[in-house]
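Next up, some structures in structure tokens.
First chain A sits with chain B, and in the next complex the same chain sits with chain C.
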Partner chain A sequence: MRALTLMLIATVAAGGCDRQADVPAAPVATLQPAPAALPRLTRAQYENTVHDVLGADLTLPATLEPDVSFEHLLTVGSAVAKVSPRGVELYEEAARSLAAQIAGKPERLAKLLPCAPQGPADTKCLQEFVAAVGGKLWRRPLAAAERDAVVATATKAGAALGTFAQSAEYALVQLLQSSAFVYRIEHGEKDPAHPATRRLTAPELASRLAYFLWAGPPDTELLAAAANETLQDPKVRAIQIDRLLADPKARRSLRNFAGEWLQLHEVVKLNKDPKVYKHFSGDLGGSAREETLRLVEHLVFDTDSDFRQLLTTRTAFVDRRLAAIYEVPALQEIGHAPIELPDDAARRGLLGQVAFLGLAAHPVSSSPTLRGAFVRRFLLCDFVPDPPADLNTAIPEPSPTAKTLRQRLTAHMNVPGCSSCHKALDPIGFAFEHYDGIGRYRKLDNGEPIDTSGDLDGVAFADSSGFASVLANSSKFRRCVTKKLYAYAVARPTIVSEAGQIDSLAAGFAKSGMRVKGLLRQIALSEGFGRLAAEGK
Partner chain B sequence: MGNDSQNRPALPGSHPGLAVLLLSLLACDGGTAAAPVAAPVADAQQDASQEVTAKPITKRLFVLDTIKFARQNPKGVVVGWNLDNKVSDETDTASCGKKDFVSPDGVPGIDNQFSILVPIIESSGIAAFESLLQASVESGGVLLMVELDGLDHLSNDDQVEVRIRAGQGQPLLGTDGKVLTGQTFHLNKRDPATVCGKGPLKDGVVDFGPFDIDLPLQIFGKEYILEMRSCHVRFRILDDQRIDAGVIGGGATLSSIAKIAKTAAEDQGNIDDIVQALTGGMGDLARDATGTCTQMSAALTFSGVSAFFYPSELTKTKKF
Partner chain C sequence: MNAKSISRRTVLRGLVAGSAVAIGLPTLDRFCNGNGTAWAETGSDGFPKRFGLFFWGNGMLPARWVPKSAGVGAAWQLSDQLQPLAKHKARIAVVTGTRLGLLNSQPHGAGAAGILSGRPLLHQGGDTTFAGPSIDQIIADFIGKDTRFRSLEFGAAAGNGYSYNGPNSQNPPESNPFLLFERVFGLGFTMPGEKPKFDPSLGLRRSVLDAVSGDIKQLRATVGAADAQRLDQHFEGVRQLEKRLAKLELAPPKLDACKVPKAPEKAYPDIEGRPQLQLKNKVLCDLAAYALACDQTRVVSNFFTMPVNNLLFKDATTGHHELTHNEPGAQDEVHAITLQCVEAFAYQIESLAAVTEGATTLLDHCALMGCSEVSLGKTHSLEEMPLIIAGSAGGKLKNDVHYRSEGSENTSKALLSLCRAVGCDMASFGAEGGKVNDGLAGIEA
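Then we have the complex of A and B:
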């Protein structure tokens, strides 16, 4: 049974130019909703869905169709990426493996069964099973025809193989291979409040809410609110949003978002020249990733803090290895624990972490250019093109007149074809030159004092902590966070006509004192979250 | 939390019990002030400040990452200290007839009897002892630290206090296999917290003594105490979170060496006999009423890197 219809995505990222980040805040006049997209479950969403619905003890497939980043988010990439023929096979293999694990262990199957099977061909019980489990996996009720098609094939298998468990196994294989499981299908329906456009159906809304706030499927309560259509009522929606945000699974989604936004999937693969960086180890990337995630989680859920603290806080979640890099005492031998960095140290927040300083650097050296590009792309949502393939990006070797990397890059800025980007990126990256390519403090560069001063779009700073403050107070940073979260919420590229919606959300974010929990709620309640363009538009 | 030295393979040709003995680096005597004539220290680098620059520095801890036995080169010339403040020859009864050495910069009266044993042990092939010692450092068996307190500046300070401390736990090693800078250790439950002295820090160089200390060591999972008397220490603080040019010397009590050998013999057969054979008659300090020198002089060179203790484990310092 390889009848899997995996639809390819036609949605194109229209108007994805991040230069929109500078658009001044404005109220949402008339929202022009985006067309429906067809996001595929990301790897994280797939795993969470399987664990939440079928059992947390299941062994997940080692390989699935890889996630693709678009506008620097995997969740957005899921709406534009195609599935390869090999990817289809991988989904099938995963479905078979998961189904076999459940059918092969009676206690696992018993937890999923809503009835006690009366023999290998208990069609009624199988129907109940498919309706119950299928409804959770597909995030909507199965139509009778859909249910019966699954049951018919599964019944035949059970009859041939002789056990109800094998019927259930074949049913699960079908459910897990279906496009209704692998994709988050959003057809929408006519919107009574806006007849010219459409809105998500209640189950689609439930699904979007759950994947946004939990990075997983809707639970029974949310599905019930969708089934009785009350979820379309803003008041009910707000209650459900608050419930979802209060659940521990909300931390899971926040971590997932932060991982995508801050490229932490790349941090895990951190690689440095061991001859240059004695503090490097194979597990450093994972440790650095966890540090960043702990900080984000702490600011949003533990303390509901002003999110500017992401850049300015002196709280750091370090394990013993990170503490050694930061030259501060660890609090415990195993795992991460919060410490306060010294008051007078320049190291602060995200931009003082290995996750930034190590990732945005070369294997053998720091890189003001890469650090500047990171800030521009991910924290300011500026468009930063990759260098042309035929461009010689080599910077001058140290010389008597240009010993430091800053001096060498300054000379490089005068090279035609290089200057425009370097002038936009390097002045930001110079702020972090006191940190080497792995994030350790250094007093000198090539024996010379380091100049960390500069300006961010005209606002001067003296060093990395000064830069962090300038960036934290920048309206572009606020809008960028808003835009990234919004794109993560709707799981597709944002479009030009949504600029007003994003501006409005950013203004609300500012008004709330930059509380991300509040922003999550705002986004989930926003017009843009639940509306779709009219069909064919 | 633990130390995996029990699980580490012994080095080829090594003898664990001997390794313990070999840690009797320092010689001692009855507590007279020694003339500081260790290896010369080059000009100290200025301004060893690190990331934290504005706040007055108050305390710094360094873990010794390399420890080596001082060797004669050429014969009769060795790093160490004039622990008894006199120049002895074979006729000096106070030194039990042990002739002193000369320091590399020509200062006579250096007490370092252990330097005689070094080539003997090496040539015997029974212990790759220096490698074993270094392996013990890197496995956490020998986590000795020096702590500077009351620091206002890392190069020049009118008054600082220097302590010897002991850590515990498995060190994080760098890609070069050495103890990593800036890491945090447990406090050894037998941390001596011995004050080496109070005085000025000049051009980044620390130079204090005498002090007595009981050093906790752990070799192949066994714990030992090496009693050191009338010790002196000298080292230089660099501006990259390291110390170098370190020399520590003193008198190891032969009784503590014998006790260590006896404990080691529980697992290592006749090690106590070997130790007795090697150290018998090697005492050159602290002559007692029976005419026996009860301590053997020794010196080690070392370097170190910055370190911390887990804040929750810090205890008050023993006063010297």
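Then we have the complex of A and C:
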């Protein structure tokens, strides 16, 4: 039996904020690998697989069943996501549309055909086509019976419709709806090094590596290393990992990860009251999302920098919209360009971006509580419960004694039932009170000077740039990044017995000077990445 | 896909079915297939029962929502917030005073799971999902198997909607009217009663689905219990689609009420930051009404707006959710927005009432449930839940009634009545605190 269900932890709002969910009771010395999971391709993985295997110019389906978020990551949610009846329809529509786009354009089909068809019913060529394209779409070789089942449908289509292209079309329609395409199937095999547990088979390992490092399917070379089993050799595995990391597709996966981790799908939907924030426009969210992605990509792949710079850097990638909000010159008419933020301002890194300051805020105001919750949830991996539903969560109106938002929230903090969470969240958010609900600097709040000082779990800071440094240097941030990337890599919720694995990866991350590229490599090489529990079929 | 080569056998089959419908069928047989078996349970006048859901986010204002007196006909009058329904008073049942018997474990989320599935919200890995199917899918299991679409989900600002098949499985709604039109009335649509155009792809698609379900079955045998359950649902979805495609090959009989609506605009852009909610809703409701009239589906869900939405409604100074929490006093702006939500619901009723079916209308063959996930948005209250039912489901539900639950009965009771009224043979509805075994006699006819 697989263990996922055991981990569906019911968390109830009444639990309060006193709990620190992510700190393991005691490090686990030996890894007890997790049971196999059965992730459903996320939308991004589906799209990348289609583009990589079938052609980058294909028009992708407008709708697929939504991804599921688990531990705040869609790739982790893919291990629990089901396929609904509507999802089945959407997979069918998508498969038919993609297949028709290929069959309807001879040059597209020709690129996929390993042979020149001799007439409409060339079974041999059809077999070769199904074996070649199927092997890429399914990320493993097809057994003869599997291949023949697809060929049988295709032959029927050819007979009914009259052309080889239409045979090929129905072969694709079937390949794209098969469970071997839709799910990442990992059964595992006996592990010679650990007879009590199992390991991924070579094709399963290839697939896991590719979806982790490319957010897409393995290419021909990786599939070949899987087919001849050399990928099980740690040296070959390392060579392949380095090759994957050097490929531009590694940026694609990093962007995909950053999007999931930092909730950039929500940033795209950013919604501000245009009467309060005249810098708001409907496309600001997309612009802010790209800024964050560009920074992450820059730090990891352009410069291979210390990842603490995510929080502390003065480099920003701004377009005209963002430049207006940050009050810096826009260097070009269209698109994002790097600039250095002024030294005398506190705006730094991710936490100085609209993607954070605007998302973790209200449509008409800033929100120290939401900003604190964002930092705790996504950057420290703390457990933050939802606010109690039955309480009136309205903040007290300004009064002569409490004019600023900080003063008003401080009054709120003393209300029993509100205090435990607000005390954990608001002091973090106060650091950003110089930034309004859209992320623009303000000197005063309601005519009063703003106090941005505070402490993060006992370490003091004076303002948002000070906070960014404290956070960047905290071991919890380092472990949180590690844990998020590890969960993204294994595409399922992490289990308790993996805490030691994550700790040791986090220690390696620290030792490397917090180089994410190195961390990606270490995760891909780690035992937890390639091993499976003995149980399960 | 072209149809150059057509197998003789299939053509014959199509023609036989096609000519069968040329003979005028008595009303009672309209919803029977060529073999004389019923397409689904039908009401006493031969028309099938349909279910509709109209959902809006962020609740209402109980003080302005609840009608002053309870009873039937002249005994009750519409409240302030129900005024947009004035034209339809004789066709609705307003249920007040009920409560969700569930832990309010997340603002908005718990209420949505409660009123739509009768179950507590499932918290998992810091995120949430429904613990069981939503009412539209519960009903689709009974009445959605014989139509081209098991169910249709849409909504002017529907986001991901709330149509759940169970945990971690959502039917995504369509928010673009043009795409909904294409889906229902575009390629693949055959006017009931017209000789179906022979489509060789139907049989091929079924062959593919057959192979796919075989695949899933094989995979199922190799995985653990939790994943097997996921695959069961996938398998069932594939089988259902296969069966529905088979139905398309039979010629469905003529339906007088069916017509193809005008194709909508390709886009309905926001105007100065305000979405064109009412216009989009109208177009979507009209499409849904004709999808029902043409028997393309029997279950429609309209997610007009979603919880926590901060949409800028007409005349509002800021977003809806923001106002529910921060507008002081009697909340006149929230009131004005609630009226706009009820107005959109009124239009959906109108769109169903406008379609004549036999001696009555499509609305009379429907149960259309209107609800939100909380009552007072400011406190996320799960007491005094807003619930309106339009249509009588073929005479099974009372109309022109305000049912006031004095003992704060469980809201699920009304949902069980609804399910039973449209033909679902169910012993209970919901789970844990939301579970009930009895309907609400006060709204059952």
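Just so it is clear, the second predicted complex is superposed on the first by the 508 of 537 C-alpha atoms of A that agree within 3 Å, B and C clash if a C-alpha of one lies under 4 Å from a C-alpha of the other, contacts with A are read in each partner's own complex, and residues count from 1 in each chain.
The rule is short, and it goes like this: contacts are C-beta pairs under 8 Å (C-beta built on N, C-alpha and C of every residue); 3 or more make two chains touch, one makes a residue touch a chain.
This is a predicted model, so every value here is computed, not measured.
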item: Chain B versus chain C as contact partner of A:443, first or second or both or neither; value: first
item: First (chain B), second (chain C), both or neither touched by A:342; value: first
item: Contacts of A:83 with chain B and chain C, given as first, second, both or neither; value: second
item: Touching partner for A:275 - first (chain B), second (chain C), both, neither; value: both
item: Partner chain in contact with A:432 - chain B first, chain C second, else both or neither; value: neither
item: Touched partner set for A:378, first chain B, second chain C, both or neither; value: neither
item: Which of chain B and chain C A:328 touches, first, second, both or neither; value: first
item: Partner with the higher number of touched chain A residues, chain C or chain B; value: C
item: Touching partner for A:72 - first (chain B), second (chain C), both, neither; value: second
item: Touched partner set for A:320, first chain B, second chain C, both or neither; value: first
item: Chain B and chain C contact sites that coincide on chain A, given as residue numbers; value: 274-275
item: Complex contacts: residues of chain A adjacent to chain B; value: 274-275, 277-281, 320-321, 323-333, 342-347, 434, 441, 443
item: Chain C-facing residues of chain A, complex; value: 1-2, 4-5, 7-13, 35-38, 62-66, 68-72, 76-77, 80-90, 92, 96, 100, 149-150, 153, 156-157, 159-162, 166, 170, 173-174, 177-180, 182-183, 185, 187, 271, 273-276, 282, 362-364, 377, 383, 386-394, 397, 493, 536-537
item: Residues of chain B touching chain A in the complex; value: 1, 49-55, 169, 172, 174-176, 178, 180-184, 186, 239, 241, 306, 308-312
item: Residue ranges of chain C touching chain A (in the complex, touch as defined); value: 1-7, 103-111, 122-127, 129, 140, 149-151, 153, 160, 163, 165-172, 174, 179, 200, 203-205, 207-209, 211-212, 214-216, 219, 221-227, 230-231, 233-234, 236-238, 240-241, 270, 272-273, 310-312, 317-319, 322, 325-326, 328, 378-382
